[in-house]
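Let me begin by presenting the structure, written as structure tokens, before commenting on it.
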Amino acid sequence: MTFDINRRELVKALGAFGGAAAIGSLAAPSRAQGGSIRLGLIAPLSGSQEIVGRYQLAGATIAVNQINQAGGILGRQVELVTRDDKANPAAGVAASKDLAGSGVNLMFGILSSGVALAVAPTLADDKSVLVVSAAAANELTHEQYTRNVFRSADHAYARQRALAKLVLTDFPDTLNWTAINPQTAIGASNWDSFVDGIAQYSQEAGKPAEITEALWSKFGATDYKNEISQLMRSKSEGLYCGVYGGDAVTMFGQAAAYGLTKKFKVIVDPGSEFIIANAMGKNTPPGLWSGFHWYHGAYEGHKINDDLYNAYVKETNDPHPAGYVGETHTSVLAYASAIQKAGSTETDAVIAALEDLEFDSCKGMRKIRKEDHQAICDLNFVQFGPDEGSDKGWKVTGHRIIKDEGVSEAPTPGVPIVFKNKKA
Amino acid sequence: MRSPLSAPIARDAAIALVIVAVLLAMPLVAPKGLVFVVGTLALHIVFGLSWNLMFGQTGLVSFGHASFFAIGGYFYALVARSFPDLHPLLGFAGAGAFGVVLAIVIGLIALRRSLGVYFAILTLALSQIVYLFLSSFTPLGREDGFTGIRRPVLDMGLFEIDLARGDNYYLFIVLFSTLLCAVVWWVRHSQTGRALRAIQQDPERAAFLGINVAGNRLLAFAIASGVTAVAGALYGPWLQLLTPDVAHWTLSARPILYSLLGGVSSFWGPVVGAAGFAILEYGTRTLHGFSEIIIGSILLAVVLLFPGGILGGLDALRRRSAAPARTAKETVR
Amino acid sequence: MVDYVLSPLFNGLFMAMVVFLFTTGLTLIFGILRVLNFAHGGFFMIGAYVAFSVVRLVGGETSMLAYLAISTVAGIVVGLLGLVVERIIFRPLQKVDEAYSLIATYALLLITEGAVKAVWGVSFHSVATPDLLGGAVFAGDLFMPTYAIFIILVGFASYALLEWVLQHTDTGKLMKSVASDPWMAGMLGVNVPRFYTFIVVLGFFLAGIAGGLLLPNQTLSPNLASTFVIQAFGALVVGGMGNIRGTFLAAIMLCVIDSFGSLLFSEVPGLFFYIAMTAALLLRPQGLIAGARL
Amino acid sequence: MSGAGTPTVPLLEARRVVKDYPSVKVLKDVDLSVAEGDTLAVIGPNGAGKTTLFKVLSGEVFADSGSVLFRGADVTRMPEWKRVRAGFGRSFQVARVFKDLSAAANVLVAVEAAFRNMPPGPRKLLACDPARAALERVDEALDEVGLSARSRVEAKLLSHGDKKRLELAMSLVLRPTILLLDEPTAGMSPADRKSSVDLIAAVKTRHGMTVVLTEHDMGVVFDLASHVAVLHHGEMIATGSPAEVRENPLVRKIYLGSGAGHA
């Protein structure tokens, strides 16, 4: 029963991160200590997304420890200050104001796009910088672009178009796609980006794909039977399961009796990572491709990747770090390089240094574009399947790195993204 | 010579003055995070006070008060986006008026047919409808909310105040909230307030004094809803974003918690309750994972130890410490 | 025909039984103690987590017998928690104004959420349906998962059982008499406080067993506590304030209407539940089954 | 029936009033007429329908058929609060006062309800103080029923008799044309009863009101009433002066048992 031990240990260990951070923040004086560089993590450390917040906290903590062991930045130690955004915009704004008020002008983290979009416009007033580590909404580097916000992680447009590229490479004959999506902006944005990719790459291959109208479900719904019935009657062969996290678990759980996973030849998921497999065990949909912020297995041999992975496993005994661990880790590294480059932690200097910054991370080199502050980086995908033999009940059956070569759009800060290939 | 029936205006004005002075001085001394929390608190105080005008004063239990907060907020945001040249004060007033009209329409149907728990659950159902509408109506931003709500420039004729600058919007919120609280205070202590109190105590008896019970209940519902709608309208530019969460039932539970925690029978009850709750939340903000247990336990302790809320509990303590003989005598007489 | 009538009818009925199973304990406690227990969902969730832990403990056993036994264990554990809650919270609340029970049970809801996180963490979990219920039945084009049929049957059976207990047993008569006039029952020698304890334990037991039975249907996470609570309040009040028959009928009516509504107006799923609830409250403010206690 | 020989319209009239409750027919074609200045006592055994008739007259419930006229105008479906504004006043069998308010505040509510919109003057409007005239009326009314000394006591702490007095004070400030009293002396000691009867008689004379009351105590009825109406099983079986009713054979039969016949 190693699996059980692992899960318990994981929870306990992640809890330890939380406890340590709590004590750390409490003990932290309200004014900047001479010498140490203070970085503020904003993450959902309670509420419905707490699981992700704990991963983010783990990644940030490891990065800070590694930097400090290596002598800090500019010879100064780094101190992590944490604030809870509860994945709620109001709490997020309060958290960023709270950090700014305590003299922490360099912030990172944020899972929910709603929180990121709420926090972004308040930063200029507070003279703060935010490096977004997860929130993927395209708007953040388009119509809601502000000078004070960077994104060191991949964004919806790039990830979903890369996913389209992947499925068309692996399943060139699966050309009729449909979807079940949550009624959120990120749900719509993900689906539009995926359709855009499918349309473009299938046309380039000379076999235009066909898109069937998507189904839209309530975010946080508890019953998907009506939607599943409709999907079972669909003529499509590929299913884009846009509902993510706990909703996806509920949906696949209820769909098991219908044989949904057997009906569709290919099922893809925009970014639930290990959540579906971990929760469903033996009932994991076979062959499910899932989008990842970072998949450690794809970068074995890369030092930053291996050090991060080993540190994580050592702390938690959990062999499956979610991509969020890597992305918050990356944001801290981005700050480290930028501060090194700027020779200062002043807001304007750090902003200038982050623009056009190229730095190495757990998934290789990334470049933050000067124009729209979006990082250009690898896109990771993992394929899952059930594994009757193991205790955890599932295994990784494949993984893929898609390089961002023409996947991302041209930078157009201030202007909404255009889905050129929306019409299939 | 003041009659004991007069409203305690001198005392309450003095308390209010002290509170407002402290709030206005906040940005000078407190960190920004705290200022943001306090600005939100000011709006929540209005939210709690207006709910208690229905409950403590009139005896109406609404489980859907947040829907008016949300309606006011979205109304203002939509108006400000659609008519950028409109004077912002007109926008805020319009939000209030919209809340009042909607409350009258709902009240005319709902208050006549159902009271007590039925009215409570009815308002809950209606607020769920508002919530679902806001989370699936595309022009209002659905689940992700109404983004980019600007803090307006106040054109005062002779001069302009840019509320987007510095702490201006915070100061504006504090002063506007004070005004809204004053409205609630005035209604509560006016002739209408006395009639509402009579209705809360015994509606049938009140009717036999010639008081229009249904009309006054509707009035209280409309005033409370209008005031809350204005608070909601002020909240949009404060956060620069509105999400359907502001119509969620967990937010509707807030004014109930504030009022019961502070004490429903006093004007100041919801103020004390809201402040207490904010202190709890702010105090536990870094205790990741423990905040629910701590907040829950403290709430539970207050209810079990001080039935009647904090103010009610203080009152009881004061009475107990006062000469018991005198109390006994008065009872006998 | 199947797509637009039978399928939504079936799905609505299934949802109705989910809501009904969730609401029975709530109805019982409200009907007799007049405490609207906000924390009910929290204890439902604890029941589900307890069942989940037992499933893991016995190595993912998915036989039918194990499933039923585990659900009962969850019910017993939560029932015992009910004993504690009754002693330290509900009993003192009897002396306090009714409105305060709202704030107390809301506080309790927060505590249950916090406690679940502390004990089980925040990860998502799910448990497969027992093998026997894993399949599906086809009736023409109508597709019915066996698990859903099972839950519908359990819902009807629970209703029939509760109704029988209330109408035809001494315990049921006692419940009804205490519900309608606790003072008089006390005068006639009923130990009312002990009876209240019994009711709370029973109500919590029902919450826990429902948590276990419905575990395969939901993702397990600390958010489960507030998932059904609003629908449950709706069924409770539309049904007529704490009587089992009314709650049962209201759950069916609201969920079936919602199922059809969601099909017709798929832009806003769930909307018709509340529209039906509003209409029912306006047209029959006294509830579907008026005046009856339990 | 009404005031001897006066051609005027009766002040309050009930015509063929019927009121059913789900299982029983409570009022069957009840006629009643009260002239200005009368004191009418409605009597009858328990369950005769006195309270229901009272509710129909005051507007607490509406008649199923038949009509209620006030000064000749139809008020059958007029809600109670409008009737009060038209000149009705009523008390309850068990005194109903606003328990958490002081005695004075109770009366103030009534005063302000009766004289709506008594603006306290612009300066005091902001302070929400009650108008001086309103406060004077409160003092007057409390004085009249003998409660001045207890004006600050919360109503729930008052004795039973004082609550009845307070309720009377609340009715009086409404300056009703017609006062409906539901068992005004129920549950009182003989001494209290005597003082209540005196008080009612005094205020009636002073304010020139018309009074309709229900009563169990025959002493009270004969002390106060100028007219008596007898209700039995929902039917009005006799009306007239106290002496006439006392001699009515049907009444005697019902009250004194069958076979009693003429005395």
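Order as written gives the chain letters A, B, C and D; numbering starts at 1 within each chain.
Keep in mind that, in the parts below, contacts are C-beta pairs under 8 Å (C-beta built on N, C-alpha and C of every residue); 3 or more make two chains touch, one makes a residue touch a chain.
Worth saying up front: this structure is predicted, and the values here are computed from it rather than measured.
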item	value
Relative to chain A, chain with the most remote C-alpha centre	D
Chain C-chain D separation of Cα centroids, rounded to whole Å	51
Centre-to-centre distance between chain D and chain A (centres being mean Cα positions), rounded to whole Å	76
Rounded Å distance between chain A and chain B, as computed from the means of their C-alpha atoms	38
CA centroid of chain A to CA centroid of chain C, Å	36
Residue list for chain A, restricted to those that touch at least two other chains	15, 50, 218
Of all residues in chain B, the ones touching two or more other chains	132, 136, 289-292
All touching chain pairs, where touch follows the definition stated at the start	A-B, A-C, B-C, B-D
List of chain A residues in touch with chain B within their complex	15, 18-19, 21-22, 25-26, 30, 45-46, 50, 53, 82-84, 88-90, 93-95, 97-102, 113-114, 117-118, 121-122, 125-126, 137, 139, 144, 182-186, 218-219
Partner chain B, residues of chain D touching it in the complex	58, 60, 79-82, 84-85, 89-90, 92, 96-102, 104-105, 108-110, 112-114, 117-118, 126-130, 135, 138, 149-150, 152-153, 157, 170, 174
Complex contact set, residues of chain B against chain C	55, 61, 109-110, 113-114, 117-118, 121-122, 124-126, 128-129, 132-133, 136, 249-250, 253, 256-257, 260-261, 264, 289-300, 303-304, 307-308
Contacting residues of chain C [partner chain B, same complex]	36, 89, 92-93, 95-97, 99-100, 102-104, 106-111, 113-115, 117-118, 226, 230, 233-234, 237-238, 241, 267-268, 270-271, 273-275, 277-278, 281-282, 285
Chain A-touching residues of chain C, taken from the complex the two chains share	3, 7-8, 11, 14-15, 18, 56, 59-60, 117, 120-126, 128-129, 134-136, 143, 145-148, 216-223, 227-228, 259, 262-263, 266-267, 269-270
